[in-house]
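Multiple structures follow.
There are two complexes below, and they share chain A, which is joined by chain B in the first and by chain C in the second.
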Partner chain A sequence: MSSEIELQIAPIVQESLMHNSRTFQNLQSLTASLFGVSAGILGLESYSGFLFYIIFSLLTSVLFYIIRVAPTSISSGKKPLDTSRYFLGAVDFWTGGLMNGLAGFILTWTLFYGLVSA
Partner chain B sequence: MTFISKAITAVGGILLAHACYSAQEHSALQSFRATSGAALTSAPTTAVSLPLDIVLETIVSTFIILLGLVLVTRPLRPIQWREWAGKIEREGEEGFKDSNGEVNKDYIGNPFAIFESRPNFVDIRKQRKEFAQWVKKEGGQKAQ
Partner chain C sequence: MAQVPVQTIHRDPQLFYWILFPITIVMVLTGILRHYATVLMASAPKKLDQKTMREQRGLVHGINVRGNFHTLSKRSFNARRDALITAYESGAYLKDPENQGQPPPNPLSDPGSMEGMMGMMKNQMAMIIPNTLIMSWINAFFSGYVIMKLPFPLTIKFKSMLQAGVATKDMDPRWMSSISWYFLCIFGLQSVFNFILGNDNAANQMAQQMGQMGPQTAQMFGPGVDPNKQFLAEAENLAVIDHYSVLDNVEDRLLKSIRV
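Now for the complex of A and B:
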């Protein structure tokens, strides 16, 4: 109920929301396959490969925040690491990419592992 | 900006391809040693992990490509209605350009523009004054 009132007071532009999340998802799926390539080249196996993916995926979020979100968000009076100017959920922004690109990551990881070590 | 980010991505791609080729050569060399070294028995044929320079090159090139890909993303738009509308009012089409300098296809502009151009709100006296000035100016140029 309270969130409905909030949405009435401060309405949200659906087109902008979709544009932002599509931009971010495109980046995540692209970079996830890139991380798969490098994990395959490094010859990582099991947990270390997934750790590699998690670290680089979080790094993607941080870089995206620094380059695209932070300059206008902080100048408009938001606190650092606050993404509410462009995205609805903060947790979704920082960790949503993990599930988003996992399939692409595993695909290119196994492919390049096979190519390099065969 | 778009040229710089594409150049960064291309440099990272070349580095990554080089690292991939090096790693492939390394593993081929390892398997060659394993087969030929068994006959010689001079050197121990333990499997050597990837050399440090290839590891570093892979990680650095991944980071460079990542930087290029983040730089090439399109600018975001504010989701709060008041910030978004303020941006439209202040910047107009300038604020909704992609990295190539073209206005986005789904840019709709001020959603209330139709209200502001209603016939009831046209300032007819101002338009008449402007028209009179225009006639005077054009007539003056003709006379010269």
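Now for the complex of A and C:
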């Protein structure tokens, strides 16, 4: 009950939250395609390619946090690596991009691998 | 340890220009076409007559009062609640009060609901027709070509899917035919469409099907729903609310926040 009252005192605006996560998803799917391009040009195969994707998409999340989220979030009194000022769900923020961009990554990876090394 | 030799197949480089790029370009253009077809075919919401509008807005008013009661003072909330409950129970907002208590009309006989179904049919058609056309186009022109190699290994089970139309027994399942490039395009082009058309595009049928899988939004004013029952349920919901205000104890919270 008390948390409900707190939520009503400081309400969360659904539209802004959706806008934030949509912007982030856009960035993720776009960068996933670009990672696919670079993995294909580098000629990575099987595990090293997927590892490349995982590392770089996590790196995207970290950079997004450092550049866009951290400056205002830390100065407003949140702990470091706490995204609750702009996003609901920390797991979703850090790893949601992996599933999001996987299809785009595989498509461009296959395309450029085929174009470059075949 | 016996190393399996890597299969190499010498392919004509022209395959890329005559198979890979046409399929990709056609897929992208179909997506764009589908997006604009959906935008054009979207029927404008039908104009409601005054009575229907009053019925719907009356119900929405009750729901909003119920959802935001904490911003009202006790007195004004009580006044709103009493007025709404009396109106709901007497059926003051109903479109045709003499129909009260009768079973709802058959949704199929209502012309208004037919229009909604037509809209759904149109959407389905916009998805199915291009897919069938492209599938048969690829099958007719490009079947039997091996065009690419996947950058990751797959098990033998995928062979029949990826190499449809290529009946070569010992070929590595990593080699893929044109039809499997088509499937890759279906799944992976969403990010391209996001980039070209903006985020809420209707270009990708996979995304739309995902959306339909999700929880169906409850139809509030759909055909076959008895508005009188909705009003009575809403009156009950309003009656059981235990009112409090966000301004309760606000002075304590203020003092606590400025204490040094």
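Operating definition for what follows: the second predicted complex is superposed on the first by the 108 of 118 C-alpha atoms of A that agree within 3 Å, B and C clash if a C-alpha of one lies under 4 Å from a C-alpha of the other, contacts with A are read in each partner's own complex, and residues count from 1 in each chain.
Assume contacts are C-beta pairs under 8 Å (C-beta built on N, C-alpha and C of every residue); 3 or more make two chains touch, one makes a residue touch a chain.
Because the structure is a prediction, the values reported are computed rather than measured.
Bringing the complexes onto one copy of chain A puts chain B beside chain C with no clash. In the overlay built on the shared chain, the residue A:I55 is in contact with neither chain B nor chain C. In the superposed model, A:Y86 lies in contact with chain B only, and not with chain C. Contacts of A:M99 after superposition on the shared chain: neither chain B nor chain C is touched.
Residue contacts after overlaying the shared chain place A:L115 against chain B and chain C alike.
Legend: residue contacts after superposition of the two complexes on their common chain; A:Q8 is shown touching chain C, with no touch to chain B. Applying the stated contact rule after C-alpha superposition, one finds that A:R68 touches chain B and leaves chain C untouched.
Between chain B and chain C, more residues of chain A are touched by B.
When both complexes are overlaid on chain A, the residue A:S38 reaches chain B alone and has no touch with chain C. When the two structures are aligned on the shared chain, A:S46 is found in touch with chain C, with no touch to chain B. Once both structures are fitted on chain A, no C-alpha atom of chain B lies closer than 11 Å to one of chain C. Once the two complexes are overlaid on chain A, the chain A residues touched by chain B in the first and by chain C in the second are 26, 30, 115, 118. Chain C meets chain A in the complex at residues 11, 16, 20, 24, 70-71, 147-153, 181, 184-185, 187-192, 194-195, 199, 244, 246. Chain A contributes residues 10-13, 15-17, 19-20, 23-24, 26-27, 30-31, 34-35, 37-38, 41-43, 56, 59-60, 63-64, 67-69, 72, 76, 85-88, 112, 115-118 to its touches with chain B in the complex. For chain B in complex with chain A, the touching residues are 16, 19-20, 23-24, 27, 49-50, 54-55, 58-59, 61-63, 65-67, 69-71, 73-84, 106, 108.
Within the complex, the chain A residues that touch chain C are 5, 8-9, 22, 25-26, 29-30, 32-33, 39-40, 44-47, 49-50, 101, 103-111, 113-115, 118.
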